[in-house]
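The structures come next, written out as structure tokens.
Two complexes follow with chain A in common, the first pairing it with chain B and the second with chain C.
Take a look at the complex of A and B:
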């Protein structure tokens, strides 16, 4: 089976954030999948991937939590691909996969906890974890998108923001930096490629993989505000109208600290923040409401109307 | 000059003499500033092992001080005192008192993993930062950081229910760190959020605060994880004490 066929039907792991603050990402991912004729089957009775917080308390506990999600997909649903749009979930499943393969102690802890919890232990290699970017890039690709665009993103200048968890640390992403066609960890481009195919003008954005301070968005808000302000200003300087995101934590962080910078530092940066799936959905002819534009904190409705997308 | 000596050039260590003659040469005045001589005797020789006993600190011994971590560090760019390379050095030579000077900022690592990406020796400096913050709290050098509170609130909820319900986590975090929830920017954010939201979604989000999402059949996993957390905590505590004990005994024997 080719990768293209394999990714057409995947186990969908939305994760906690996509049921809360990142709901617009959930809505738009599903809507884009539907518009492209791709099949998403939600992982049954899933649990949290462990996120950064459980990893900080104990990395092996986070490995267990992520492994349970993969175990359900593999053993209870007979799926071989898990697609996670959230960078945090995607990162953690990848990290769990790596640890189970390379660290015997982690594997032993996971086995013990799985047995006590009463489900099959996940064996490394049972599923492949991919990001929403891989999913669309591999199944539809740039050419496929170009054929399906009904509402070109022409005239919209986009800074593509990937954040930390999608590319770092590199050892948990063995498929990246693997020659032509693969994703780059230093200069990722999958989102750029997809949005360009939908007509957007990507700007040269040096802070693609900079950190938004998401880990301490509430516990050290001043640091996060400074980091976000850097990102917003750099995008603006690069000539962008919109920052396209692919992670609910980054997205909410940018929106929150855009407001916080305004309130606390008197620094207002007028730039729209949209999930890449929202932009793609509108390019495919979906109405803004269908991709949850009204659920964003950063209001881009008037801007989208001006650009002929609403 | 070794990295830790640079930092000794601090106002309290500097000496200027208004009148000073050395070997018949007049060296009076500001230009003849000296660094006070010192003897370091309070090495904690167990420090490296103590950090290595905590999750994330395992590979600290691999470091050969190239400085790639600090060079790539997100937090260092906004606060030059945040210096992972330096802290790793201090831990490895056991200069605990020097490390403690920075005890209140080490937890501020944002886990962006740029250091881990750049490190040629797979030290996993991000993990070392976490281990060091844990160590500072375990040893009572610092109170629990806001970040640690957040991690704990978050982990407790997952162990209990399997899932995170954000507004509940946020409320608990704010109450545990004695912060008011109604901050100007929070209110502004909710105001903007409300402007676009339909009533149906609002009700659903409101309901989520009463009926927290949970993974079903979670009780066995929950019990197993809690047992594991307690076990690990006890083990680490033992390792910390043991590392110190062995060093004390070695010193005593020598």
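Take a look at the complex of A and C:
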């Protein structure tokens, strides 16, 4: 079976953020999947991946929590691919996969906790975890997207923002930096490729993998605001109308601190923030509401109307 | 090495006028100083070596030893070098002023990342993929002492 065939039907792991602040990402991911004829089967009774809170307290417990999601997909749903659109979930599942393969102690803890919880222990290699970017890039690809575009994103200049967890640490993403066609950990380009295929013009954006201060939001909001402000201003200086995101935490951080920067630092940066799935969805002919544009904090409806997408 | 708290204003003060090349050199120096603070705070002596022709890259490498989460600013450092090269090699280019403005933002990002990371070293993880500081025995001992 080819990768393209394998990814057509995947276990969908939305994660907690996509049921809350990142709901627009959830909605748009599902809508795009449907429009492209791809099958998403939500992981049954999924749990939190452990996020950063559990990892801080006990990294092995985080490994277990992520492993349970993969165990349900593999052992209860007979799926061999889990697609996680959230960078945090994607990162944690990949990290758990790596730990279970390389650390016997982690494997023993996971086995013990799985028995206690009454489900089959996840064995490393049972599933492959992918991101929403991999999913669309591998199944539909740029040529497939070009063929399906109904409302080109032509005239929209995009700064693609990947955040810091999509590619780091490198060792948990063995499929990246694997030659032609693979994703790069230093200069990721999958989102750039997909949006360019939908007609957008990508700008050179030097902060595409820089930290957004997400983990700092509560403990030191001013630093987070300044980090986000830098990202917004750099994107604007690069000539972008829109920052495209692929992580609910980064997305919410950019939106919230855009407002906070104006209130606290008096700096208003007029740039729109949209999930890449929202942009792709509209390029495929879906209405803005269908991809949750009304759920974003950053209001881009007038801009989208001007560009002929609404 | 200037105090860490002074670096933010120093980065902000860099201007393309009268000399963009001098501005780029100053930003490179300030970025090195940001890294020097991180390295010194961790008890090391900042290297004078260069990597790929730049001390900044050698300093980043030194700063990331034993702290994988510090690689979250690896590309930021490389972008600083890239913009320095753009300005130095093509000082009369029509976009030089914009390039220096961009280099300022990237240098500022490095400064903010490092200063935030140093603050949070007391509180827990800054970057989500970092090694849990709270689990370190010395941190636990310090917290017990404080309690």
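Keep in mind that, in the parts below, the second predicted complex is superposed on the first by the 310 of 310 C-alpha atoms of A that agree within 3 Å, B and C clash if a C-alpha of one lies under 4 Å from a C-alpha of the other, contacts with A are read in each partner's own complex, and residues count from 1 in each chain.
Note that in this section a contact is a pair of C-beta atoms (placed from the backbone, for glycine too) under 8 Å apart; a residue touches a chain by one contact, two chains touch by 3 or more.
For clarity, every value in this text was computed on a predicted model and none was experimentally measured.
Chain B and chain C, once both complexes are superposed via chain A, clash.
Of the two partner chains placed around the shared chain by superposition, neither chain B nor chain C is touched by A:307. Of the two partner chains, chain B is the only one touched by A:264; chain C is not.
Once the two complexes are laid over each other on the shared chain, residue contacts for A:65 go to chain B alone; chain C is not touched.
In the superposed pair of complexes, A:109 makes contact with chain B only, with no contact to chain C.
By the touch criterion stated above, A:290 is placed in contact with neither chain B nor chain C. Look at A:226: by the touch rule set out above, it reaches both chain B and chain C. Once chain A of one complex is fitted onto chain A of the other, the partner contacts of A:45 are limited to chain B, with no touch recorded for chain C. One of chain B and chain C touches more residues of chain A, and that partner is B. Residue contacts after overlaying the shared chain place A:94 against neither chain B nor chain C. Applying the stated contact rule after C-alpha superposition, one finds that A:207 touches chain C and leaves chain B untouched.
With the complexes overlaid on chain A C-alpha atoms, the stretch of chain C that clashes with chain B is 39-47, out of 21-29, 39-47 or 93-101. Comparing the two interfaces of chain A, the one with chain B and the one with chain C have residues 52, 56-59, 164, 168-170, 210-211, 213-216, 219-220, 223, 226-227 in common.
The touching residues of chain A, counted against chain C in their complex, run 52, 55-59, 88, 91, 95, 164-165, 168-170, 186-187, 206-211, 213-216, 219-220, 223, 226-227, 230-231, 233-234, 237-238. Against chain A, in their complex, chain B makes its touches with residues 55-56, 74-75, 78, 108, 110-114, 116-117, 124, 127, 130, 145-152, 154-155, 158, 162-167, 170, 173-174, 177, 184-185, 188-189, 192-193, 195-198, 201, 205, 208, 213, 215-218, 220-221, 223-225, 227-229, 232.
In the complex of the two chains, the chain A residues touching chain B come out as 16-17, 19-21, 23, 45-48, 50-54, 56-61, 64-65, 68, 109, 112-113, 116-118, 164, 167-170, 185, 210-211, 213-216, 218-220, 223-224, 226-227, 255-256, 259-260, 262-264, 293-299, 301. Of all residues in chain C, those touching chain A in their complex are 68-69, 71-76, 78-79, 82-83, 98, 101-102, 105-106, 108-109, 112-113, 115-116, 119-120, 123-129, 132, 134-135.
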